[in-house]
Structure formats: structure tokens, C-alpha cells
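Got some structures for you, see below.
Common to both upcoming complexes is chain A, partnered first by chain B, then by chain C.
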Partner chain A sequence: MNLLAQWDWYYDGMIMLAGVLCAVAASLPGNFLVLRRISLLGDAVSHAVLPGIAAAFLITHSRSGFAVLPGAVLAGLLTAVLTEWIRDTGKVDEGASMGVAFTTLFALGLVLIVQAADTVDLDPGCVLYGILEATPLETVTVGALEIPRVVLMLGGVVLINAVFIILFFKELLISSFDPGLATTEGFHARILHYLLMVLVAVTAVASFEAAGNILVVAMFIVPPATAMLLTTRLSRMILLSAAIAALSAVLGHVSALTVPALFGFRSTSTAGMMTLCAGLLFFVTALFSPQTGAIVTWARRQRLAWRILSEDLIALLFRLEERTPGQTVLPGTLSRGLLTSLMLTRIAIARQKLRGYVRTSDQGIQLTEAGRQAAAALVRSHRLWENYLVTEGIHVDGIHRQAETLEHFTDRALRDRLQTQGTLADIDPHGSPIPEETIGPSK
Partner chain B sequence: MTPATIPLSVQDLTVAWHRKPVIWDVQFDVAPGQLVGIIGPNGAGKSTLLKAIMDLVPRTSGRVEIFGGPWKQNRQRVGYVPQRESVDWDFPVSVLDVVTMGLYGRLGWFRPVRKQHREAAQRALERVGMGALAGRQISQLSGGQQQRTFLARALVQDADLYLMDEPFAAVDAATEQAIVEILREMRAAGKTAVVIHHDLHTVADYFDSVVLLNMRVVAQGATSDVFTRENLERTYGGRLTLLEEATEAMRRRERSL
Partner chain C sequence: MTAEPPRPLWCLRGLLVMAGLVSLTLSAGSIAQGAGPTEVASPVESSPQPLMARLLRVIILQDHNTRVVLLGTMMLGMAAGIVGCFTLLRRRALTGDALSHATLPGVGLAFLLAPVFGLEQKSLPVLLMGAAISGTAGVAAILFIRNLPRLKEDAALGIVLSVFFGAGIALLSLVQQLPAGHSAGLESFIYGKTASMTAGDAWLIGIAGVVAAGIPLLLFRPFQLLCFDEGFAASRGYPILGLDFLLMSVVVLVTIIGLQAVGLVLMIALLVIPAASARFWTNRLDRMLALAAISGSLAGLSGSAISAIFPDLPSGAVIVLVCSAIFFFSMTFGQARGVLTRILRRRSLRLAMDREHLLRGIFELSELSAESTMMPDRNPAASIPALLDLRTWTPSQLQRQIRKSVAEGLVWQNADGAIELTGKGRSEAARLVHRHRLWELYLISHADVAASRVDQEADAIEHVLEPELIEQLEELLKREHRGREIPASPHPLESAQRLPLTTSTEHSAVERPATDSAASRGGEES
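Take a look at the complex of A and B:
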């Protein structure tokens, strides 16, 4: 079965292009919404433009994007202003005041739109998920080209947003990072805030009938949030977010056609699938991102835990040897001493055997000479730390636990400093001797 | 002394929030080439005072003059160092980017940052001992390094009057020493710094004059004259002052209307 049997390069290409343009247009200003921690204001504004659109419908009886633009921008700005006003006078937090402002405006929009629906061809359902699939149906002629109206309009918005961010990059950066400093340097943070809201409103309106609310709301937030996991530079974050937005749109359209078909259904909502893809890309990034990914972090932590257990093993053997030289120890004794299961202890023993730090026989486990040296360094670190912590005024009862952690992160150079800054004694506060240094001086 | 030579003059400044005064009738002048400490307990309105001087919060009444003129006219001559906690240190920018922001005001709208600006920022970073960290992402900095970054940003501003909000809060000893040295270099160059400060032990060592603030100015003048046990007790006294009682009564009255 050919899943893409109905694929048509012009038809599907135009739907994808409209989706890509909508996603990119929203993701560009979205970066600053995310960085200013006002992500939900994008959501709020794109809902609250509805009464503006409806009012413009009622007055002009036109669905053209250019007719409804001023009304929608006004409504969008009204949300931002109302949010601030409710926050300051209602003594509620930003989230609550936003919730009050945009739900009220959205409801007003719905009331108006039902009225308008009697006179204008307008479907409230479109508001939510749009009709991206209808993109190629309505075209305008530009020169010799016939371009879908939606593509032209969304292309214009991408251009406006990109030019705005390039022109005001420095101003957006400083007012997002440090609004106080921005204002004292003459870039009024509030002016930039409202300019950004205008962009958000324009983007929301332009995307409205093509892609509906769900796609644009998601694309304001999800691609920038994903990009933020991958880079530490603002310019790279913006470019990456646009690329991720475009990728989600393409993947979304292809999956909207193929995934339901796999299970024998008809194709599903394109805008919905694009949004879903953006969400999935975020989760994949959150799990696998090289710096902050959950899986990478987990693996790193696991490796560290193994290293610490293996080191604790030879340190314990060293301490037992101090009491009874030349003795061999059974795994069970070790696992009790390490407060861990017998299985984990055996794995740690196997690791240290592989490194040549312990040897095993029928009688039990014993340190090799190399293992003894490594263990001596650890125990030396531990006892030096205990001495040092006592000089820092920490009570003797608390020092062992801290030293137990610190010993694993202490190299020769740090030990030398600990010795000179500690008590200079050759026994620790519990009376155990501090082993001689066994590792050559650090470079 | 003509007004134009006085870096900062605050007259009858009152700031209220929901009718509750945060600072009340604050009045003081700052002489040029001085390091001035603003001292007072938590909630005394120290940060609000600095913000009100720069029009960052609305004034209820009063006047502020910077070098004899209003703030708007002379803002280029003022450098602001906000509290370290006031910004998001996970923001995706490098140390050098943050320092370069000190030059944005002089650049003005639309003009992009150029090589010479980045070089100026790099020099400022070297002055605070952070030259090697210019390319770091700011989330990797320690508290002391964050504060040095802010200080470098103030340095590139090359202002004549600096307003600093707790630059010494929770920094390591080396950073504290570095900041003090920079402040003294600034003073030697004829600049003035007004610094909110918490550690009473170092006040006499660091500042030429002090303003003791607890909603009102309790005392102000040369550190040797004003920084006395008696004045400190008046500033930090735990008792509810009559003024606070009166305003509280006013607020309750208003609510019951």
C-alpha cells in the first residue's frame, strides 16, 4: 500500500509551505516570550484577538486579513494592557490577571462571532484548528505567479517578524535580560513589550483562518523552548527555533497523511499533527539533548555512582587491612560494609579486578599493590578533609559524612593544599593515621 | 558649589505603593568624588530609592536632580548596577554580551554592536579580573563572577555617577576586594558612587559618607560623624515608628470606606 498515493507536489507543497510559514512566523517572536517568562501571553493574545476579528467582520463584512488586522491588533494590545491593569489593581499574580483578561475577551469574541455568522460565512470551529487543507483553493496572482492568498499573507508576516527582530535585536535583548538597565539606558522596556505584543497579535491574526489557534499558540512556545535546550546563544536559539518550527510543520503534514492511513483511517487535521510533531520534538530533545538531556544526565549520574562505589570498595579493603594486615575479605562482609546489595558489590569487585586493583581467591578478596596505592590516596583524601573540616569549625560528628563525598573529588594538588591549610597533623580527628602520599606530584 | 557640579540631589522624595509609603520625604545631596553608602534594614526602601532616582518607579512627590538637571536629560552620565538576583542568569548570552549591554545606551536605537564595542567590553572584563571568561555562558558563573560581570558592565558605561544596588551581597572575599579597589579607582578619577550596603563592619572602611535610611533619612553626612551607635539604633530600631502606625491607620480607614 502506498501511503502517499494521493501526494500532489503542488497541492501538498502549498499546504506544507503555509504550515511552515505559520510556524516560523510564530516561533520568531516566541523566543522573546519564552525568555521574558511571559510565554502564556502569546496564548492569551492569540485568543483575545477574536473579538477584534469578529468586530471587523461585523463592520466591514469582509474576511480579508487586511480588513481585520487593525481590530485584532487593538484587541491584542488590550489584552496586554488589561493584564497589567488587573495585576496592579486586582492584587493578583500575572497568571491570574492574564486568565481574567483573555478569557473575557475570547468569550466576547465568541458571542460576536455567532452574531456575525448569520451575515458572514464564518465557522467558529475554524477558530480552533483552522483549515490549512484549504490553502491551495484560494489564490491571488502576483506577476506571472499564482500564489495561495494564505501563503502570501503568512510570508509577509514572516518577513515583518524577521525584519523586526533584526532591527531591534539589541533592544529586545537588553529589555528581555535586564528591563531596569534597558530603561535607564533609554530603551523603554514597556515600549518594546507592547511592540512585541503587536507582532504577536499580527502573527496570530494572519495564522487564524489558515492554521487556527492551536498551531500558532504552540509555535510561539514549543520551538523556542526546544531551541533553548540546545544552545546558549540567543542568535543561534532564534535560528534553531525557526528550523525546528519548519521541521515540525513538514513532519506534521506528512504524518497527517500517513499515520492515520497506517491504521486504515482517513487523513487527520494537518494543523493538529504539526503541533503534535512540535511537542514530540521537544520531548525527544528534552530526553537526548547533549548538555541537559534527561537520558544523558541519568547516564552521567549512573557512571559517577559506579565510580564512587568502586572507590569505596577499595577504600574499605584498605581500612580492613589497616586493622588486620594481609587478610582476605568475603564479598558478604564488603557488601555489609558498603551498605549495598551483594550483587552490586560483586559487580564493583569485578570492575576493580579488571583494573588490576583487587585479586580474588577462594578465601576472598585482597588489594593488589596498585589497588593499595589508589586506596591509600582515597583514604588520605578522606582523613585530610576531616582534619580540614574540623579547623573550619564543623563538629566532629558531622565530618565523616562530608569527607565521604569529598574524597572522590580530590586530586593530588587539592590534597597538598588541604595538608598545608589543615592541622598538619599525621592523624585524623578520630585518631587514624593519614597514609603517605602515593601518587606523584601533580603537573 | 553650582548645582551642575552636584552629582545627585534628592529633595522631598516620597514613593508610595498602594498608598503605603515605601520612602517618605527623603532628602539628601551627594558631593562629587565620594563613595556614599546607603545603609538601612530590610524593607527600609533602599532599592526603591535608587529606582525612584532613575524614574524606574513612579514618584508620589519630590524632585531629583542629576548634575543640576532632570534624570532624563543627564541619564547618560549615570550608571546603574541592579541587584544580581534581578536578572535571569540562565539567559542565553555570554559574559561579553552582558558587558556590552553597558554600551547600548550610547549606541542608541537600531545601531548594531561593532568590534570596537566588544573590545571595550573585553578591556572592562580584564579590569575586574574576568578577561579569560568573556566567552562563557552566564549560567556557568559563580556569584562573585556574576557581580564582577555587572561591575564590568558599569565600567564600560563610563558614567560620572554610579548607583549600585548591593554589589557586595553574597560575594567571596576576593571579589569584595576587587570591587572595593574599582570603587576607589573610580573615586580617584573624580567619579561618584552611591552604594547600597549591608555589612555594617565595613562601612567605615569603604565609604566617605553615609545615608542612614529607614523609610526616612535617619541621618546623613560624613561617615565619621554620622555612623554612630546611636544613629544605627535609631535606624535599625525594631519599634513601630509613629509614622508607620499613622499610615497603617490611614490604610485601614480607606479600606473600610
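Take a look at the complex of A and C:
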């Protein structure tokens, strides 16, 4: 309700557009930073452009973007070169050399800015934490439209980045995964690396003024990392990361207006909220991504564990029946035999009862006909595997545990093949009979 | 520091703790002399004095404020240097980067929530508590993300850094909407306000610094294992995850006390650079710790002193620049891994190799001529063109080496212009030839290397053979090739195949490629 009262389609639309463009522009080259495991270079470059900006101010006495851009890009490139130089010459760990390079340049920038403060009004806070909310204030008329200068600039950067990636897609792909191969294919991985660094620096500098340092650093890393959890194909990863970046920018602006209102505040920093939204999207993906999500894999593992426990349950009942036909077993006996707690055993019994594999009575638990059939298949798999492992020359002491694992993943076709492989037809290495594929009703 | 390993270690640890305590007492003393733990306006900024007067005031520590700032930054540098060594060796130099950013939302939240719990909003302990909590959350997030498939350490650090900082910016933007004045002081968490450090801040830095530096020093052994051989540490039953968490918590502790003093980005520099500088000087962890502590405190001390003398220079930035100056000095001149040291080491190895090649060359050439001329009693000698032809060395390289060997008394140039070995040179050359051929024999009989190829292979390694290895080789080969003291070359000596001793260089230049490729082909076939 509060949101609707404040919402202005032109004003908020332009802020959102600038945010989306900034996010997409950063996420495009960001994919390659994450793939090459130099994610933090985005952070380093965007801090280290400070001396370039300050020097450009000192020389040109102008704050316009076109005066500052070359200096900042050069400084950004210098970070990448300096990092590599320290790493190679001093044999220093990559992270440490990056830390040395960018903090030194940043400190140099601070000193320069203080010196420049006499001649130009320049606030380091303004350089590092631009105000996205101010986007619509400065506009350029293009044809009949009034478009904010920032939007034009960021749109240009998106275009440059997209064209670069499309033109050099194959080269980037190869050099990201196998720089050696890239060099033998006849193009220099290192030149491509520096081209990428130029793009990173250009993107960082262009985004500063509009959105500030933190949004661009986040968008270099977070959307590509999110996309990486979702896919293993580079082209899909790039498209996904751009979509995620745009989504988090939109969500960020909306929540910057609405969320603080819930606590009685006015709106908060849009760039900050966009970053936070990207982080939340990453977190949700990390938990629920279909292939790699932490919760999804956990649930999958739990389901498997339950299946195995339930199968072990009927297999145990089958083996006990072999010894004393027609007997009923108490849950306590079963839980001791399965080496698990009584509660888990009861749940497994309930599961198998639901499937109609066991029936319970006051005396205890008994296999049904269907249950006996399923259990026989399991025990048959187990003993066939034991036979096979012995034929393969594995010592008898080691076979039980392996067969115990393998029995849960063996279907009928595999059992038939195992039967032809084993030397002994109907007795396993421990002397127990191997059940037939279809067993008759119990006596 | 020469006795058994544990003692110097303890000495050093004691020394470091002592140093911490001493600086703590010093600061306490200096603070007690001053006006007490209330904020003192910086006299440096308020009084425009001539340079010499300012210099004097700083040097004799006349101002209470200067004393506080100098000692505070010094202790911070020391603590950060020690902690930084462990993160550097753990290959997580930039952990401090991520974690210092991760403290920001905690500061904002603490500020917003303090009234709810009836606490003073602007009190430093409350804000630092918030910073510590969100820093710890950052540690947990890093450990979580690192264990996700496909993502690596760098992505984990980058994500935590940017997302936490973004959240912090959003929270601070809310804080600024609170009644004016309340938000003052929060800015200093990002940029640092060294010059306005109070006595209370210095105390806090001192105590937290001793704790932060003390934990890794007390747990020296487990942390050392963690840094150098994680697998071994795990096999000895050390809890790797717990130690990692503890290390990162210590980083958080150092970071939050440093935030106020030097600001966020520059705190990273104090954690990374002194440790990285110390690494160039030594290969021992205890010495590295001491050096990092010294260079960190030196940078803190001189950085804030310079900025006190020249008020135009922001102290945080100057501290970092002093750090980098120390770093680049160490990188150039470092004793253990510095660039110059490595260049010199490589150079001396190359010179030693040239010397050995020269002596062995003369010896082997004269062996050939002795066989052909039947004059075994002459001192070994060889003409310069023949020597030049022997290896791919330039005439000037050869001449220089000859001059050096003449100076060493190993060879001399006789009346024919040939280079002749002296008695001393002869025994040295015999030793070298002996070593070379032993290795060749070993390669042939035990590594199945073809005789036509064995010369090159031996060449590559003979210069670095240890005397013990030579003895073992002798033992091994004595059983198989008993007889002469210097075994005969197992392959025809190269020059014998194609040239009498004094042939001109042009002649051999034509023939050499053919011989070489034949030799290597022979090697491949075997």
C-alpha cells in the first residue's frame, strides 16, 4: 500500500532499469572470473581504480565520466598486471598478491584524493557507494525520449560486454577451462585474459557512478555462482546469470521501498538491497537447486537411507524365516539385527506394512506373500554377488559388506547375468542356498 | 637459537607475549599520564605549527593523543601481522577481506537493535559485539559455500564479502534516518579514524590484540600443522573444521578492532602484507611470525607518525603505503625467497656448472689425445677451439670461465695456447669425470637409458649430486664394474667420432646436428 503511493513508473522504472543494466553488465564478464577462480579480482579492481580516478581529477580538473574513465580503466588493468607480476616474480600466493596490489593502490588513491580535495570537490564515499536513487536526475534527450545519462552509459557497457562474449565465446570457453589448449590452438590465452580485465575495469568504473562499488562487485560474483549451481553448460550459465542478475535488481528495488516500511523506516539503499536479494537468491539456490542443492541432496540421501533400511528389514525377516519357517519376530529382535534404534525400525515396519510386504500381529511381524517375493529377490542378489566376488578372487572375509551394498542396486536382468557368471549354481560362499527367482508359497 | 627445536620456539613465543605486554603497559603508562580516557581533540589538526616543531612533538611523544595513536596502531600492526601469517600459509590471505566486510551488517544491526535491549546505541562494545556476531556468521557462510559442489574458495569469499557488505549498506542507510548525530561514528568503520583514537580504543586494541595474537601462539603446533599439512593434522586427530573456525574467529577479532583504527580496506592490508613480507626472509614459521609482528608494528608506528607530522596525509593510507614499501623491499632483498636471492642463487649454480663443464671437457679431450698420441704422462690439456666445440657456450663465456679457473689455480694456458690442467685442477677434474661416469653407468645399468643418450641425461643432474649419493653409487657399481678408479666412458666420447682435437669450429657446426639427432633417436628406440 505504501509502495503504491510512492511508486512512479518513470522515476522507479528508470532506477530499476539502471540497476538491471548494471547487474547484467557485471554478471556477463563475472562468469569468467568465477570460472577462472579469480572472483575476488572484481573486488580488487573496483577498489584499485581509486588512484586512477583521483589522478584523472588532478590532471583534468573535471568530474565528467569521459575524463575519468581512461584513468580508472588503466588503474584497474594495473591491478591485474601488478597482481600477476607479484605472484610470478615473488612466488607469492595469488590471494596474497592480490591483497598487496589492491590495498596499495587504494591507499595511494586515498592519499591522492586528499591532495585533490583542495582543487576538486571529491568524496571517496561518493566514488565507492554511488547513489542509484539519483539516476533520473540527470537526463539526456534522445529523439523524443528523456533518458538518464546513467542508463545510456550502462546500456552501452552491457552491449560491449555481450558483443565481446558472443564474438569470443569459443576462445573464452577454451581458455577458461584449458589455457594450455587455448595456446596450442593458436590464440594467446593471456591476451584474452587482459581483454577480459579491460572489460571488468570498464564495467566497474561505469557502474561506480551509478550504483557504487558494492553492487558491481556483488554482481560480478553472486549471479554467476548461482548459475553455476544450476547448470554445467557455459552458454546456459551466462544466460542464467544475466537473468538472475536482472531479477535480483528488480526485487532489490521493490524491497528497498517496501521492506523498511514494515519497520517504520523510509526506503533504504537500493544498491544494498539489490545485493542482498542476489545473496538470497544464491542462498535459496544453494539449498534447493535440483542437482546440487544442500537440502535436495540431503532429502535424496534420506530417502535412499529409508529405502535401504526397509529393504534390509524384509531381507532380515526372510533370513530368520529360512532358519525357523513360519515364525513371527518382535520389533526389538529386528532392531538389534538391523543395528538401529527401535523407533527407526518401527517406522520401517510401518512403511513395509503400507506396501503390503509385512503383516503385524500381537505375536510379532511376519512377511506377506508379496513381501517374501521381494525379500527373496534381495537375498538372491546378495548371495549371487557374494558368489561373483569370490570368483573374482576377493577373499571371503571381504565379500559380505560389498554384497550388502550392491544388493540394493541390482535388478532382475543383472541377477540373471550374475547367475551365469558364478561358478556355484545354488549355494553362496557361506553355504546358504540361493533362492530361486520366483519362489513358491511358504510351507 | 641453535639448540633442540622446542626451546627456541618457547623462547620466541614468550618474547612475543612479553612484547605485547610491554607495549600494553607502555600504552597504559602513557595514557595514565594524559587526560584520562575521554576523547581528546587532535592537537595535530588544530594547531598549525612549523614542520620541525611537529616533528619534535611526535618524536618525543609529547602529546597524549599522539602517544595513544602510535601505540594503538603499533599493537594493531603486531597482532595483524601474527594472525596474517597463519591465514597466508593456509592460502586464505583474503579471508580478512571477506570477514572485514562481513562485520558491517552487525554494526548496523547492533545500532538499530540496541535500544530494544536498553543499551547505549553508540557505545563501542555494543557495536563491536554486533560486528563479532555477523563476522562469525560470515565465517559460517564461507565454510558452507566452500563445501558446495563446483564453487571454490574464491567464490565463497567473494559472495560473503559482497552480500554481507550490501546488507550492511542497506542497514546503515536506515541508521542514517534515525535522529541526527546518532549515526556519527559509523562511517569510521569503513574509512577509519586513526587520528581521533581515544585511550579507551587503544586499551581495547591492546587487549584484543594480545588475545588475538595469543591464541595462535598458544596453539602453535595445531595451527602449524593446519597450515602446512592439513591431511596429517587430521590424521593426528586435530579437529580441522574447529581449528579453521578458530583461526577465522581470530581474524574477525583483529578485524573488528582494526576497523575503527585504519578502516575496512586498509585493515586487509595489515592482515596480508606484513605476513607476505616476512615470508621472503625465512622458511621457519616462528621466525616468520616474529618478523611479521615486527614489520606490522613498524608500519603502524611509522605510518601514524608520518601522518602526525604531515597532517595532509591520511594515517590509514600511510600505514598501508609503509607496509607496501616494506613488502617490495622484502620481495627484492628477502633472504630466503627474495627475487635478488633467487637470481644470485641461479647465477652461482650456472657458474658452478660452467666450471665443471670446463674441467671435465679438458680432461676428456686430453684422454682422447692420450689414447691417440700414446703420451699418457702429459698433463691434460685442450685447445680453445676444441673446448668451444664441446658445448653450446659462447667464446666470451668460455674465456670468462677460463679466467676464473686460472685465478683459482685450476688451469693455465701453456705455450701452445692450449688450456692445461694444473695438479689441483687435474684432481678436481678427475673427481668430476668420476662422478659423471658413475651416474652414466648407473643410468645404463639401472634405469635402462641407452648409451647413446646417457651423456645428456647425466649432464642434467650431475651438478647437484650429493657426496653421499656418489658414495652409494660407487658401492653399487663397484660390484659390477670393478677395476679402474675412474671408469671408462660407457659411450664413445663425442669428439672422437668426428674430429681430431684441433679441428675448426665451422667444420663441426655442420656435423653436430646430424650426430645429435642420431643420438636422440637411438635413445627413443631403447
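One rule holds for everything that comes next: the second predicted complex is superposed on the first by the 423 of 443 C-alpha atoms of A that agree within 3 Å, B and C clash if a C-alpha of one lies under 4 Å from a C-alpha of the other, contacts with A are read in each partner's own complex, and residues count from 1 in each chain.
Heads up, the rule we're going with is that a contact is a pair of C-beta atoms (placed from the backbone, for glycine too) under 8 Å apart; a residue touches a chain by one contact, two chains touch by 3 or more.
Owing to the predicted nature of the structure, the values given are computational and were not obtained by experimental measurement.
When the two structures are aligned on the shared chain, A:286 is found in touch with chain C, with no touch to chain B.
In the superposition on chain A, A:108 makes contact with chain C only, while chain B stays out of contact range. By the touch criterion defined above, A:215 lies against chain C but remains apart from chain B after alignment on the C-alpha atoms of chain A.
With both structures placed on the common chain, the touch criterion links A:184 to chain B but leaves chain C unconnected. Counting residues of chain A touched by each partner, chain B versus chain C, the larger count belongs to C. After overlaying the two complexes on the shared chain, residue contacts for A:228 are found with chain B and with chain C alike. Of the two partner chains placed by the overlay, only chain C lies in contact with A:34; chain B stays clear of it.
Judged by the touch definition given at the top, the superposed model places A:171 against chain B, while chain C stays out of reach. In the superposition on chain A, A:275 contacts chain C only, with no contact to chain B. After overlaying the two complexes on the shared chain, residue contacts for A:45 are found with neither chain B nor chain C. Judged by the document's definition of touching, chain A residues 37, 91, 228, 232 lie at the interface with chain B and also at the interface with chain C. Only residues 35, 37, 91, 167-171, 173-174, 176-178, 180-187, 228, 231-234, 236-237 of chain A touch chain B when the two sit together in their complex. Chain B contributes residues 18, 51, 54-56, 75, 78, 80, 82, 86-88, 91-94, 97-98, 101, 104-105, 107-113, 137, 139, 153 to its touches with chain A in the complex. Listed in rising order, the residues of chain C touching chain A in the complex are 88, 91-94, 96-97, 144-145, 148-155, 157-159, 161-174, 177, 187, 190-191, 265-266, 268-269, 271-273, 275-276, 279-280, 312-314, 316-318, 320-321, 323-324, 327, 331, 337, 339.
Listing the residues of chain A that touch chain C in their complex gives 34, 37-40, 42-43, 47, 86, 89-93, 95-100, 103-104, 106-108, 110-111, 114-115, 124-125, 129, 212, 214-215, 217-218, 220-222, 225, 228-229, 232, 256, 260, 263, 265-266, 268-269, 271-276, 278-279, 282, 286, 292, 294.
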